[in-house]
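Structures follow.
In the two assemblies presented below, chain A is common to both, partnered first by chain B and then by chain C.
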Partner chain A sequence: MAWAKKLLRVNLAKGEVASEPLNMEWAGEYIGQRGLATRYLVAETDPKCDPLGADNKMIFATGPLTGTAVSTGGRYSVITKSPLTGAVACSNSGGFLGAELKSAGWDMIIFEGKSPKPVMLRIVNERAELVDAADLWGKSVWETDKLIHDKYQDAQIRIAAVGRAAESGCLYSAIINDLHRAAGRSGVGAVMASKNLKAVAVRGSRGVGGVKDPARFMKSVAEQKKVLAENPVTGKGLPALGTQVLMNVVNEIGALPANNMRDVQFDGASKISGEAMLEPRPGDGKPNLTTNAACFGCTIACGRISTIDKNHFSVENKPEYWGNSGGLEYEAAWAMGADTGVSDMDAITYTNFICNEDGMDPISFGATVAAAMELFELGAITTKQTGGVELKFGSAEALTWCADQVATGQGFGKELGLGSKRLCEKYGHPELSMTVKGQEFPAYDPRGIQGMGLTYATSNRGACHLRSYTVASEVLGIPEKTDPLVTDGKAGLVKAFQDATAAVDSLGICVFTTFAWTLDNIAPQVDAACDGEWSVDRLLEAGERIWNLERDYNMKAGISGADDKLPERLLKEAAKTGPAKGKVNGLEKMLPEYYKLRGWTKDGQLTDKVRKQFALPA
Partner chain B sequence: MQVTFKLFATLMRHLPPGAKRHAVTLEFGAGEAVTPNQLIERFAVPRSEVHLVLVNGVYLAEDGRDTPLRDGDQLAIWPPVAGG
Partner chain C sequence: MQRSLYIDADKCTGCLQCEMACSFENEGVFNPAKSRIKVFNFHQEGRFVPYTCTQCDEAWCMAACPVDAITMNRETGAMEVSDATCVGCKVCTIACPFGTINYNQDSGKVIKCDLCGGDPECAKACPTEAITYVDADATGLDKMRAWAEKTDNAAKAAH
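Let's turn to the complex of A and B:
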């Protein structure tokens, strides 16, 4: 088991909540979380529906290992149709909410319809109710969190909420839980706000029962925690420097996109790196990083808790930002730093705080600002649109101004909130949008890391590094080193990462465990916890099934193989510096091989054979 | 001959005082040969912590680390790291 075998259905239009049994046949095929929730989305919604309309559904889903003693077992995902991409959205978050939901006795929550007025869902174990949230609407995530805790006088309530960015229609708005953990990508926050759902507040005290073989499970969990502790990445590197350890690595290898991906290296990289977060600041002599932090059940603890220098212009006279809060992760530091040309660590820590406070995806936000800066440089956007602000690459003042504007949906912030694709189209330069399927790129330039080009192009949720993190192999040598500058063998690598990651994302554990664990380490824990027999092969088969199901959903939503593409810049403008100098991404060499390995048609369509192999729904 | 030697992440502690941006510039006499492994030795970087070795941004496999560096080379070293 490990599944609670129960889901909560919330009909927002009628204001009703109901319990129903989890479809265990589907759980056997799609595991939980990402996979199982996608199966429900496919069964219950029209892929062509308006993402922000009442017909779209939104699912909060845990995995079978969420809330158990397994390391990192606190994950949940939000699955819905994305308003940013029109594709399936699946945004994975840590923190404590997922485990709390499971401890309250629920595997998932399906939200359907649209509430006529602002509401929040309150769950206390088996009891669930919709509560009026008129007093919360218009408030930031942080204010909302405090008001709910104050109202119910229970510090242990775990809360996920949307902020003012989502309320004002920002298409990359996030759902934030536990103040600074995020279901960040693809605009799931906008879907939640479109349903007039402000927050989900959960208190669960039942614990997670039903583990198939508790003694074997605890033994396996202890053994595998030891593997994480003894591995230099998960035991040492990530707790000490967080994901930000990558900033200097990726810059050195010449794959750090900068200035809206015009460049592949950034002069200011070391100033905004994980190493720099440990060094005393010139202003107050304190380091940016206060401590590391862990999500529920995590024995890695890569999270960053940071402060901003009180004298920095961004927080002058704003004491509410003087304390500790969620600090920079690599992707956020890259998007708001290198991609905008800003090397002011305090400024990007401030914009990171704002992304958490009002619920924005820092990757899409930073990349959209970068696109706007290039448009400004060309004269396509002027101070007329910005109300006098000079949107120049490298300007920390412009960056912090943009964050404040998008967070509250004011003025030009409304346009920035549309994301880079719509912004660049509006101002006549669609070629400047560094996106795939409408979603902004993360922090690895596919000219310098070839496999990531295929990763981005074929990702089922638009440009994303977490769907197949070939960086691990191409740059970091995990599990084995491959050459980042060649395309040979990358199709197989991408497929292998995609399938394995889909399985991991469906279990309730963090993908960062896979820097030390393979499925050989994971399968015994799943097998001891869950009904049935769970081998590596079965997990991989489920992962491949999930990948194909997501692809099928997207195809039915109107996306095709023609959308498996990269912006021209990455295919035609060669890298100017570093080891990749003179190179573009070789997507055209990798894509046909990838389709073949997937068993799809030459134009990327699923075949009947694949449908039958994975018993996909019609 | 000039070589830039960079240590990152948890290896930073092996840099001499005065290192800037995680790097020191080293001078060698003309005709003097120095290899990555010799520099790793000289700065007492534990071999077990040497994982990612880049010369001018290009990965250098273990069997190439006894090849002499050239004038202007940048040698950068990390322990096993990852992120995302």
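Let's turn to the complex of A and C:
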């Protein structure tokens, strides 16, 4: 078991809900969550469909370990076709919603069609119903969360919702659950809003049971929790400083992109680092960080709970932002900080709050603002478009203004909400968009960390660090150290990370465990929990199958090997400072080897041999 | 020697490992909704606070029970509910000033912390030592040590 073996199908057009058995044959091949939901998406939708049309489907999916005591076992993912990239979107979130859904007895929810009016899905164990949400439409995620809790007088309801950014068509809008955890990337929020689905509210009290061998499972879970506790990254660095432990480290090795990736180091890095979050502020004497926090079942607890200085300009006379909420993580601090040249910790904490309050991906938001700032510098965008606001690199005032505009879909915020690719194309400088397949880069410069260039170029959801986090090897030496400045061996490294991560993302656990765990630590827990036999080899095979299935979907959606590319800036403009000075990314050296290792054609197409090997659907 | 659960909310991250361990031990499933220990998230304040039965010596629940279903385990000091005797009248849930004894719809009985017979699973599952199982006569020891350090002027003066 471990799977609930049941999925909820929600037809939004007809307003109907139905229970159906989970396809356990597919679960054996694609595990759950990312893999299994992609299998359903492939079976049920046309890859060429309009991502924001009624034909696209959206799947909330848990993994077999979601809701169990495995450390970090509370994850769910949202799988759909992305309006930002046109590729498969798969956005993974923590918090508590995934485990609650599983505890209500559901492995996944498939949303299809489009509701004629705003609705929310309410689930109480086996009962599910669509409820009118006219009163919630136009509200932020935070307001929506409160209204639902007040309406049903139940503090234990777990809620995922979209905010005003998604309602107004922001192409990188996120789905936020538990107030500040996000299925963040690729615009899954826009898909949800396009279906007139405002929120999903879940209460589950059935529990997750039926693990295959309970005694062996609990023993294995306890052993592996110990491994996380004793590892310097998962046991010390992440709980103390969060993912923000990376800010100073990555800056020092010259791989912290700054000012729309013109630079690879940022002078203000230390001011927006994890260490700085612990320092008392001059304004009120309190540190930015109040405490660390865990998602469901997580014994790492990298989450940040922060406050903004009440005296800061961004929250002056706005007491609703004076309390604690989800604080800065590294990617967000980088995008809204280093990439825009802003080193004001309170300002970027404020924009982080806004990204959570109204559901925006802070990476894409920050990177889009950075592109807009470069366009402004060139004079391609002027105060005419911004209504007088000077969009200058380093301006905290400009950044917070942009966040407010995108969050509520006002004025120039509508254009910023299109993402960097469409914005730069519109203003005549497509070369300034730091994106792959239309999705903005995260916080590692591929000139300073070569493997990340291949990671970004080949990621199935556009530029993304989480599809193959070779930073672990190239910077942190996990599982073994490789030189970040060379391309040799990176094709194999990227493939290995991609396959293993696809398996991890399909199980219901967090990829951050892999700072300490390899599949050798994970497989025994899976095997003790799940039907059948689960070895490292089987997980890796499933991971590779999932990777190929996603690739196949993208190819059928009209994406090709020609889209496995990087912006010219990273291939031609050498790093100006730091250890990578003089380097560009050597993608052309890595890509052919990568295709070969994948068994694909020279132009990146799947071969019949690969299809047959993994028994991919036609 | 009797021992007590000692809760230090400063160390809690809100991961709910305790709730899963509790429900698994007592119900055979991972189910925070059926846990005898609960972690409360005070979001605005940025605080996570675990809370469960403190095993009162003169227990209101025990005194209120009309069928004497609640008795003290002399070895552990825990007030335990006998499922065979409990009639599910819920009077104990009204009597308890702390709310830590609750009705379970699935069984028709009340459930409360029984210290797992002297080996509480929540304390073992907690990754941060926010929940520990310590000498019942010295639950204040850690706090005393912290304050002793703060009030030790001599050491400060020496620096």
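The definition used in the following text is that the second predicted complex is superposed on the first by the 618 of 618 C-alpha atoms of A that agree within 3 Å, B and C clash if a C-alpha of one lies under 4 Å from a C-alpha of the other, contacts with A are read in each partner's own complex, and residues count from 1 in each chain.
Throughout what follows, a residue touches a chain if its C-beta (ideal position, glycine included) is under 8 Å from a C-beta of that chain, and two chains touch if they have at least 3 such contacts.
Note that the structure is predicted; figures quoted are calculated from it, not measured.
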item	value
Which of chain B and chain C A:Leu466 touches, first, second, both or neither	first
Which superposed partner A:Ser270 touches (first chain B, second chain C, both, neither)	first
Chain B versus chain C as contact partner of A:Val526, first or second or both or neither	neither
First (chain B), second (chain C), both or neither touched by A:Ile348	neither
Contacts of A:Ile305 with chain B and chain C, given as first, second, both or neither	second
First (chain B), second (chain C), both or neither touched by A:Thr290	second
Which of chain B and chain C A:Val233 touches, first, second, both or neither	first
Residues on chain A lying within both footprints (that of chain B and that of chain C)	none
Complex contacts: residues of chain B adjacent to chain A	6, 8-10, 12, 21-22, 49, 51-52, 54, 56-59, 61, 74, 76, 78-84
Residues of chain A defined as touching chain C within the complex	67-69, 71, 96, 99, 103, 156, 179, 204-210, 214, 218, 222, 225, 229, 239, 290-299, 301, 303, 305-307, 323-325
Chain B-facing residues of chain A, complex	231-233, 236-238, 240-246, 248-249, 252-254, 270, 274-275, 302, 329-331, 465-466, 469, 471-472, 475-478, 481, 483-484, 511-512, 515, 578-579
Chain A-touching residues of chain C, taken from the complex the two chains share	13-17, 20-21, 23-24, 27-34, 43-48, 124-125, 127-128
